[in-house]
Structure formats: C-alpha cells, structure tokens
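Below is a structure I'd like to ask you about.
Think of it as A, B, C and D in the order they're written, each chain with its own count starting at 1.
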C-alpha cells in the first residue's frame, strides 16, 4: 500500500562528490515489495520547491524498519534534502511503482546488473535479494569519474564488480558497454538502471537476452494520475503510452521505445 | 445539519471541495488512497471524441511555487471514458463533473451529448481554455463571441448543467464571463493555467517538449483570486474557483471573493491527501471566523 | 575586452544588469550600500508631471514566491526629479533610463520632452502598463492602437531613444509589441506586473488598500520568459527583459529567449546586493556554458 | 552603516505563548546606533516566503557582539524563524531606521515607556539606556492576556512596571490607558511602541507632552527605496508622506496622522 509517511532521518552522509546517502525510518519500509521501487520525497515544507522528487530505494532493512536512498545533490530540491540532519522529518510518499522481478532469475543462474551514475542505487537492493536466493550477480557500474563513484565495496561484497569511468580515473576507461564487451560470462538475465543512452546501448548489446530496464521521467503526481511521466511503447497499440511512475519504472527490455 | 453542504446547478455538494480536472485522472489512483465519496465532486480529466496520446515528454517542469504542464489532453476518448472510467466511478457516492474538450464545435457537441447521459455525470465543464493543444481549446476561450457560440451549441444538447472553464490569458476576463453567461452557461469554473515557459539552464532550450506549458500552483493564486473577485461581480451564475488552492485558508479566500465551490489541482501532487485534509479542517477554520455555514463565506469580500 | 558589454539604442551598457523601475527609487538608498557605477544602467521610479503621493497603505502584500504592490506611482514630479534626483545621479558613471508615466498623452509628452534633455538620461521607458493607477497607465498598454499612438507622440518629442514597457495582462502581447514598434519605439521592456489580489484571512478583505496590486517576483518568471520568447520573434527592436530575476541563471534565461538586457526588481528587496552579485557571477556562469561574450547568449533558445 | 549580515543564532527560546526570544551574533551589532532601530530578517533561503520580516532590536550586548529580537510566531515567516536552532545562520539586514532619541530625556528626569504586545521589545533596550544615564523609567506594558505577556521581570529590574491585560488575567484589566489614568507620576517624556489604536490613545491621553512613537507598516525594501511603508503626516506639505522604514519607525508625537 502507498503511504504518505513522515519518516525520520537516522543518518545522512556524503559518500562521493555531491552524492549523499540518507537512512530513513518509518512504517513505509514495511510496504516495500520489490527492489527498484521508488519514493516521492517532499524536500521542504515550503511551496518552493513545490514538487516531490522521485528517488529510488537503494536498500532496505526490515529488522530496523529502515531504508536507504542515495542521491545526487544537484538542483534546488536535492540540495535542500542534503541539508537534512539526523532527527529531521522528511515527508515521503511511497513505495511507488513496480520494481525489478527477482524471480525472473533462478537460484544458481547468473544475472548481470548494469548501472550508470544515479541509476546504480536501486541495483544494490536488487543484488542483495538476488544473491540471497542463490543467484550469481555480476555488477557493471558506470560513473563519470572516480570522485563521483560510490558503493564499489558494497557491490564487491555481493559479487564480481567492474567499474567504468568516462575519464578512466577508476576501472575501465569509457562506458559500461566497454566492460560488457569483455565479459564472457554466461548469464540468464540482465537488469539495468541509468540514463537513456546507457539503457539504449545495453539493450542493443544484449538483444535477444531476457532483461529488465528502469526508466526515468519527469513526474507530477508519482502515482499514475497526471499523465506527466509517460514513455512511448514499441507496439503502437492503444497502450502506446505507459506511465513510468505506476506501470514502471521497470519494464522488460524492448517494451519502451528508446 | 451539514455546515459544508452547497447546492449548485446539477450538483448537490457534501462540501465545496473537488479535485480539478487533469490533476486526478479518472479517480482510480487516488481511490487507492482514500474513499472518494468524501469529496464534494470530482472533475475528471478532459475527455475528447477520439483517444488522445497527448504531447511528447517532458510534459511538466517545476517553477517557483508552481509548475508548468503540457500533457496535451491525453485521454482514452469518449468511448473509453463512457465504458470504463465513468462506470468504475459509480461505486462512489460523488457527483462527476465531466471536463469536455475538442478541436471544433462539432467535437464538443458530440462529446457533451453523449457524456451528459452518463448516470453519475451531474454537470459538464467546457474546457475552452487548454493552452496545450495546437488548435481548439484556448482559441474558444479568448474570444467572447466564439465562447458564447460554443456554450450555446453545447447547452443545446447537454442533458446536465454546463459550466464553462475560463482562461486567465486574456485582457478582459469579465467580457468572456458575460459572453458565456449570455450563451446559457449554468456556471463558470476558473481559472485554467497561465501560459508559461521554463528553460533548461545548460542548453537554453525549453524543458517542456511542447515549448510552452500551463502554469499552476500557489504562484498563480493571486491572479486567480483577483479574477474570481472581478467576475463574481458581473455574472449571476455560480463560480467554481481554483488556482493554487493548497489548504483550508485558500478555500476560504476563494469563497470570500465570490466562488461557490473550490477545485484543487496541483496540490494533489504535493500532498495526495490534500482534499480530505481540507474538508476535515474547514469546520475548525469556520469556527475561528465565527462562520456558521460555509455559504456564509461566499462573497464576503464584497459585502464587508 | 569586456565580456559583459552590450550596446542598445542610446545605451552603452557595461553589463546587461539594471534595477527595474520602482524597485530602486532614484538610487540614493542603494547608493549607500554599493557603488552604482557598477550597474549597466538604472531604471528610475516612474516620473509624472505633477508630484504624486500615491495610494493609501497597505501598499504591498506577500504571495507565494512573489509580492503584490500598489504604490500608485508616488514620485516628486517632473520638476523634483529634474532638479534633485537626476543631478544627484550624475556623480555615477551609469546611464539612466527614465520611466515616464501619466494620465493622458499630453502628460507623457510633456514629461518626455523635458526629462529626455537631462544629461544622464540616455533613454526613456514609457510606462503604459502600470496596473495601480485608476486612469491612464495600463489602458494604453492593453490596446494596440492607443499604444501605437502614444509611442509615436512621445517619440516625436524625445531627445533620446524610447523604450515601451509592456503589460502582461493581455490576450496577445505580440500585437501590442508590433504596434509600439510601428509607432517608432526603439526598444521594448517587459514585463510589468500581473494584476493580482490577496485577502486578509480574518476579515476577507483585500490586504492592499487599492484592492488589487501588481504581482512580481519569481512566481511570474515563467510568464515573463514565455512572453519575451514570443515577442522577440515578432519584433526587430531590442528587448530588456524582467520578471522574477533573482540570480545569474535567471539572467541567462532571459537572454536566451531573446532579451538583450535584464532588469531586476523585487529581488532587490530580498537581497539589496543582488545586482552587483549577479554582475560578479555572470562570467563564471558563461564559462560553464562555454560562452565567450554575453551577447552570444541572446536568443539561443531560438537558434538551437 | 547598513549591513547584510549572516548572523549566527546563539540561542532561541519561547518566553510566552507563541512569543520567541532569539539571540543573534554578528558584526551588524556594532552598527546599531539607537534603541528602536529594527532589522529586516530573511527567514529562509527559499523564495517562499519571499520577503524579509521587519523585527525590532530588543536588546544589545556589545561586549558579546550579540543582539536579541523578540517576536510573535504567527504567520508563515515568523513560524519558520521560530524553528531555527542554535548555530543556524540567519540573513539579517540592518540596523535600519531611526530609533528612540535617548537624549531627549535628561538624567534625573522621568520617562514613561508604554508598550503593547509585540511593540514592547524595543522599549527594553531603550529603558536600559535611559536608566543607565540616570533617567527614571516607568513602564506600562499591555498584553492580551497573561499567557502572552513577557519580560515583566526584566522591566521590573529597570524601574516601576505596570502590566495591563485585556482579559485581566495579569495586572490591571483593560488597556495601557487604564493604567496611565491612575499614574500621577510627573514625567518629562514618553516613549511608545505598539498597535496603531494604542499609539492613538496614548498620544491623545498625553496631548501637549513630549513624546515619541514607533510605527508599523508593511514593508518591501526596508531601506527607503520602494515607497511601500509610507505614513501620512499631519501637515499636508510636500512631505505629506514619510517612510516608516527610513524616516522612522520612530517619530515625535503629532507628526504622523493616526
């Protein structure tokens, strides 16, 4: 069920240049059903900024009733969010959308998780859940440069992790696709989240493979009512548009025309 | 006795609060969050004759205390609304106001004729003010004669009272209001969005794919309040006011300048529970002002 | 070479930043805070033929990300401005744009004739868009023919280039812009304020004594940006853009949609040092965008 | 000189129902020239609320480079201000305006200070400075009720202090004028700050006496540039309007037409 929860900040820290990790607690955590779902965050009690900010759920700890979000403090809203301190209240709407299907990969099989920039966070909870059920996860993470890269260690704990940076300051120079080319792993499924061009490249590189992609779109309501966040689908039927917020953000590869 | 009840042409409202068209879809999503029967009414998303996919994305952009949208009237079309959306809404004890849009008079007339026969549609809201479609829409809303004629044409075929939604993007909104009243409108809803634009800082290009979008939210409230204040003095038909309503205080402001009911749009995105919250808070606010019945607030700015 | 310099009819601007009329008085107060010679230009408070005391108070009210004002063109009158205000401003190396207001054409003409002879007045800004005076002002700004004729009349007597300040409270601002261009305007300044209103929650009465006021500040920026974007495509005279400018990013937005310079109004009240701060920040912002000279930004929204 | 100072909150506490006392430190303090001057406070870094809030300087401590403001958290801006915690930064413009003339009362003489509600704060610093130079101060403070009354003790330290509350829950029932009627003190000067009706009543009661009144008006710039805060003067000369922010907020009795 979707809740509007006044969550409490348990901790917030900067984990890379302009990248923040915030731990939140509240009953909303108990409603999360799959990795890749997101929350719609109101950063201030003011009318400016007005709209909520969609942020993926990066990891969940049901025991502590906590969840983690990881975001880039860039524009007006996220910059304000980064100022929150332990004990502050945050108005969070969620969990929203349909996440990554964990059961599409069977125990013993291998899954490749490809993330780019702020598309990396949701893959962490996904990898936790996949490895927990015995899936072998291989992570390919792309960043602009070393100083904005994060969670390399955390992912390594879960499986092989390859980093690509555009400026070559960490791992392979270039894009995630450069890493993918040299991966001779056999895999059953791939999961990906990141900027459109990256999703496009990944989908093309893995044509014919079973894959799931998480998309971004500017949002209004976040729950499917305003038609702001639509994507065009490949099959031009009556459902030529699907909503990222409520039909997605995760769709099987090939469904969304990129 | 219900302190919040209001009677308007075709509408028996439990309270003066209703979600504004386009900010509430056809109710399903918010229906998952709370019981829609609490609402005074529901203004559903614009319905056009044919299915519309709307504009390319991005369709929304944030502005200071407001937002721009250019959805482009995406909707399943008359048939889809009649067969799927409206029947689903019948489970709730709430009157539906159907927002009708089109390109030519004929479209409006055909949609109005059919949709006004739906059992739960108690009134129509003629959208002659959508700034986000190439033709039709707003062109009707900026010329008094066209507004008058379209109103008359729709009025002739509608089975339920017709409210006309005015555009704020005009020099003299009073003239348009009087024209639609003469055209036979049973009521007026106002305001629709102000045409605005936001650029991407890096590229200098408009963020909204449609280039311009409609401005809504708290930023436009002062303009909406002023326009309702003006129009309520020159027409004798009721006004459903909207534009930046976010809380019970805002509702009281719109009633004070002469609105008989209030619609809530953008605020639903900021707080999905805003409508029931306002309905819950109104009585206490009325007590603080020594107001017995909500209707006592209507037009007090003029009276005092 | 100065990356920020811009040449406009009558104006050699060190940079495109100038305080907007009415938000900077005649410079004295801000002159106590910083050296006015840093500014690209100064648009002084509206000058009328006779001394004006303006409207009763309250004259201002805050709104979401904006404010309403109904000052009512309070000013010492032509003589006072000529004898006291303008001479005081001569100590600074900054061109003055004199905002001219009146009730009838004759008033505008007389003020323009005289004030345009002041040594430091390099251009006039015809205020045909003040929403806060009973007669004159905005009436000229909402009718293309009247706007055209007034412009021509003033142009005939002015010793310096004439810019006309447009009102956003119109259905088609392009028509007004074209009319003043045909009337001989050397440039356009836009936008003036949107007519708005705010109520006192307790009494339900308008807060502003004048009932309505002019809306300004960040809230109106999307409307201003859209209007400059539209007008810059239909006229061949330069535009000085304004409406909610609060920082260097906003300046870049206005230039991108086709303005050649930018005025800062309400933001001076929020941050009295906003103008020099913006001037200081612009070069770094230009570097980030790979822009060599400020003029390269002008109209990039259209080009791209 | 007027400064735009990023002052630091040293302490903030609620001293009566909805009434807050905030101690601020910054170089602005060194610029204050007279009691009754005010500051123009930006309550948030957001565009909503947009405008600064004018608040009187209630007391100054040059040694600690601190000043105190006392305000009622009522509307949107002051409510946000009340949320500031120790260590937070506040954007303060000031000192602004012309305060109460201390030298209009000679040592040994008596001055009556009449304050109403949120008009009371500036009288505190005034009384401190007057008593310091040997003036006998008598304080007449009016409040709605006991629960919103404040600083009774502080004023008592400086001189005789009479309280009036509208509901009679503290001191004399009624208005400050009810107290004034029963004051048989001889006095040289009176100083007053409070709502218009009170200033009006005080001025009428003390007709012919030397007095100084501090006025309120809605403001824009706060420095004299926007003509928002004007008051009408009694003599309808060319200066028929004066600005509360820069000509005032304190004017000799009789100058402003109430």
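Basically, a residue touches a chain if its C-beta (ideal position, glycine included) is under 8 Å from a C-beta of that chain, and two chains touch if they have at least 3 such contacts.
If you want to know which protein each chain is, UniProt gives these names: B, C = Dihydroorotate dehydrogenase.
Every value quoted in this text rests on a predicted model; they were computed, and no experiment measured them.
The chains in contact with subunit A as well as with subunit B are C, D.
Counting only chains that touch, the fewest steps needed to get from subunit B to subunit D is 1. Of the two chain pairs examined here, A-C and C-D, the one linked by more C-beta pairs in contact is C-D.
Look at where the CA atoms of subunit C average out and do the same for subunit D: the two points lie 36 Å apart. Centre-to-centre, using mean CA coordinates, subunit A is 46 Å away from subunit C.
Between the CA-based centres of subunit A and subunit D the separation comes to 54 Å, rounded to the whole angstrom. Each of the following residues of subunit B touches two or more other chains: 63-66, 217-219. Counting partner chains per residue, subunit D shows two or more touched chains at residues 47-49. Interchain contacts join each chain to each other chain, per the touch definition above.
Against subunit D, the residues of subunit C that register as touching in their complex are 22-25, 28-30, 32-33, 45, 51, 53-54, 57-67, 69, 71, 74, 76, 207, 217-219, 246, 266, 268-273. Residue ranges on subunit C touching subunit A, taken from their complex, read 64-65, 218. Interface residues of subunit A, counted against subunit D in their complex, comprise 44, 46-49.
The part of subunit D that touches subunit B in the complex is made up of residues 47-48.
For subunit D in complex with subunit C, the touching residues are 1-2, 4, 42, 47-52, 93, 217-231, 238, 240-241, 246.
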